[in-house]
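Here come two complexes built around subunit A, the first alongside subunit B, the second alongside subunit C.
This part shows the complex of A and B:
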């Protein structure tokens, strides 16, 4: 099952999707905040969101799984 | 009754106002506007602007040596070199040298972006500034406020207001000045380069870094000691993980306190008689020139390194070799993601960015050693 990983360390600023949503390649899924800058994270695959592993305000490291797409 | 009224008018500041004061009020109001409305470095610009305003109200004597309130702040804080090193303590407690440790090559980019300083040093001499003034103007190219203030207060205190304001102005204007340069000097293909993941850095390495760098840099360039010692101690506080209270005090409370006195004192050096000098315009111009050349040399240095590297670096990160932390790194990230939206250069750019801070301090120390 494809996983979307955090490309940089930061805090989860906004989650733009919910479990069950259908997403397309390149959709904006999550906005991370690092060094007071908002960085949008784009989807690598198309599919349905089966799991969201983070919540708004969480601190994530580079490589952490953010979202699982089924 | 009329006599009392007349007396009040004559002893007021109103009759002593000069045209210069009025112009300085306009300067202050402009900076206040930029701070409040545009939020350009408001933490500094707001106290600076207010300092300019109050010192240009006649007969207040706030900057009168041995008497004025702000003179004491200025004398003890800046003339005696207390405040800039304390700012560096807080900076050290905030910055993460991890990206630099993970990718030490980026140290070269931090050094490459100091070229603007040396070019501007000679340019300023051509414009008729003396050696000490030229050095104080050149350091603006590092885009590092505290270092600029530190060097200018020692070499050319009469220029302090102008060099400090231009250093902070260009730091705030990074997102406007740098992107056109970046696009001019790199190809679309280069901007799209995705850099490989940074290797993880252990806690031990992060703790050793400030200790080893402090020893190495200060043994090689002893004149850098006041700034480097504080910077590295702050960083050691942070990375040790055992003195969270000291880390927080350095990066929050103490930093905020000294920022107030720094801004106010810098603003108060800008009386009409010192600031309204045609040379101030040259300082702003030369400072911009220094900053532009530094950005360009950082970018070109990165392209030069790519000639030898198997794993190409994205040359944009060279622009982060100027020490405006983290504005320059943010700017690199933004331009990189415009070229390729899966390009996350932020952390890669932090390496040269923190190296730039060290580079600017070392450059300042060398200038100080030879001219001070």
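This part shows the complex of A and C:
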């Protein structure tokens, strides 16, 4: 199952999808906020969102799993 | 059999390809960004249209059988080469809505020139506030690029009701006369097509260039014939003196002095006189063909080529959301010939890219800010905080300084792609010598004789806007462009509001006062920063020389490059260049 990982440490600012949503390659799913910058997280595959492991406001570390796509 | 080739072919013919095509999903999710770019383009286009319609309607000039400045430029300039500058410049908010001159860079008969003319729809080309500065920026550009300056003079002289805004002072409307002398002294010719009545200031505007060509209805003179009453000994006007003035004006039959009968037939100041407006422009074209210009073959290192990747992608690649990072190399790939770029020290000073590309077959240097987050960088702060794109750190400043110095040695003109939030601050940054290294970059630029152009892609902020070839910090900047996403300010409005009011908030709280009035002031300050950093404001105030759609940036870069290589003052034989060897190793 493809997992989307946090490329940097930061806070989860916005979650743009919900479990069950169908997503396509390059869709924007989550926006992290760090160092006054928004870092968008894009799908690197198509599929359905099966799990969202963070919520808005969470602090994440580099490499943390954010979303699982089935 | 003869054989020919471009110089240093192994280095320049095929350089590393950069950039990649946008995927379907990237295009899809970028449509909102494209819409935001279009919104700003519409604002700018509306303002440009307003300036074009300033003064009396063009139809009125046409009914008189005349041409407007825009008609003259269209007739004069080679099709597809006109790059307007200072279109919205109006720093003192003149009621005319402009500074009364129209200018830019363009090709005439295959040769590049800086071209400027009075807008004859606006008070018959009067001197109005802000105009002198506009003209000085243009004379500076001709000097920097070493290309001819072409004037289309049609100047009624001082707007007498506002003489205090144009007449006196170091950089007033008299300064261009000396600047013309300066350009002539440097061997830069000024061609002047003269139309209409040009008394006093208009007369000196007419006489000061190198070659004068006149329309047969034109005149240039020390003073005009319009001052019929002379000095009024009473020091004021009343019914009696007004009567005398009215009668004098009605019976006035004098002709304007300095007509063709004088300055062609007698003094022979005018080289040519033409009975049509087009004839004057044809005369300028004849002279332009005599201007010094190398064949491009002299300096090209490859055949000209368009970028491999489409310019239209730029509206999708550059985020309107200023907090969003992007791949700066993807931007560069839409600007350079064949989307190629030979990068200098890519692993050192990661926050900036430096290197050589080709524009229209000529070698050109590029320097720009990378975006994103750089964990473990800079070295001096690796245990404290990560590097952020758009900021400058020790290695990046050193890299830029040494690259500029090498460009000076190799005579490579430089295009700066600026999107910067500043130079790193704090004790670690001071210990890392960033204050000195920033100034050192200014020094490195100043030590070269290179022409440079600056494009503020998004942010131009703090001292970083200066050190990356900002127009105020060197003699080398030929011109500066903004884009529909440009913002220029000393710091972000929120930062400025916090810096200005933080102590006041503490005091108010300690006194038990309501914080609302202070917060209102802070929010007003943020809004003010926002309003005064927008693209249209940047253009009006002269922070940039023009706001240009992203898709048209390459046209300006080509104009800059080709003008730069038209008649360079200094030449580095391509086979003796160092930078390509240093990069390739």
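Throughout what follows, the second predicted complex is superposed on the first by the 70 of 70 C-alpha atoms of A that agree within 3 Å, B and C clash if a C-alpha of one lies under 4 Å from a C-alpha of the other, contacts with A are read in each partner's own complex, and residues count from 1 in each chain.
Methods note: a residue touches a chain if its C-beta (ideal position, glycine included) is under 8 Å from a C-beta of that chain, and two chains touch if they have at least 3 such contacts.
Note that the structure is predicted; figures quoted are calculated from it, not measured.
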Review point. Fit or clash for subunit B plus subunit C once both are placed on subunit A?
Key: clash
Practice item. Classify the contacts of A:39 with the two partner chains as first (subunit B alone), second (subunit C alone), both, or neither. Key: both
Exercise for review: Scan A:62 for contacts with subunit B and subunit C and give back first, second, both or neither.
Suggested key: both
Exercise for review: Once the structures are superposed on A, label A:24 by its partner contacts, choosing first (subunit B), second (subunit C), both or neither.
Suggested key: second
Exercise for review: Using the superposition on chain A described above, determine whether A:70 touches subunit B (first), subunit C (second), both, or neither.
Suggested key: neither
Exercise for review: Select, from 9-17, 135-143, 207-215 or 243-251, the region of subunit B that bumps into subunit C once both structures are placed on the shared chain.
Suggested key: 135-143
Study note, to complete from the structure: Interface residues of subunit A shared by subunit B and subunit C, listed 8, 26, 34-37, 39-40, 42, 62
Review point. Which positions of subunit A touch subunit C when the two form their complex?
Key: 8, 24-28, 34-40, 42-43, 62
Study note, to complete from the structure: Seen from subunit A, its contact residues with subunit B in the complex are 7-9, 26, 34-37, 39-40, 42, 62-63
Practice item. Flag every residue of subunit C that touches subunit A in the complex, lowest number first. Key: 23-26, 28-29, 321, 323-325, 373, 375, 385-386, 388
**Study point:** Contact set on subunit B toward subunit A in their complex
**Key:** 197-198, 326, 329-330, 333-334, 337, 341-342, 344, 346-347, 350
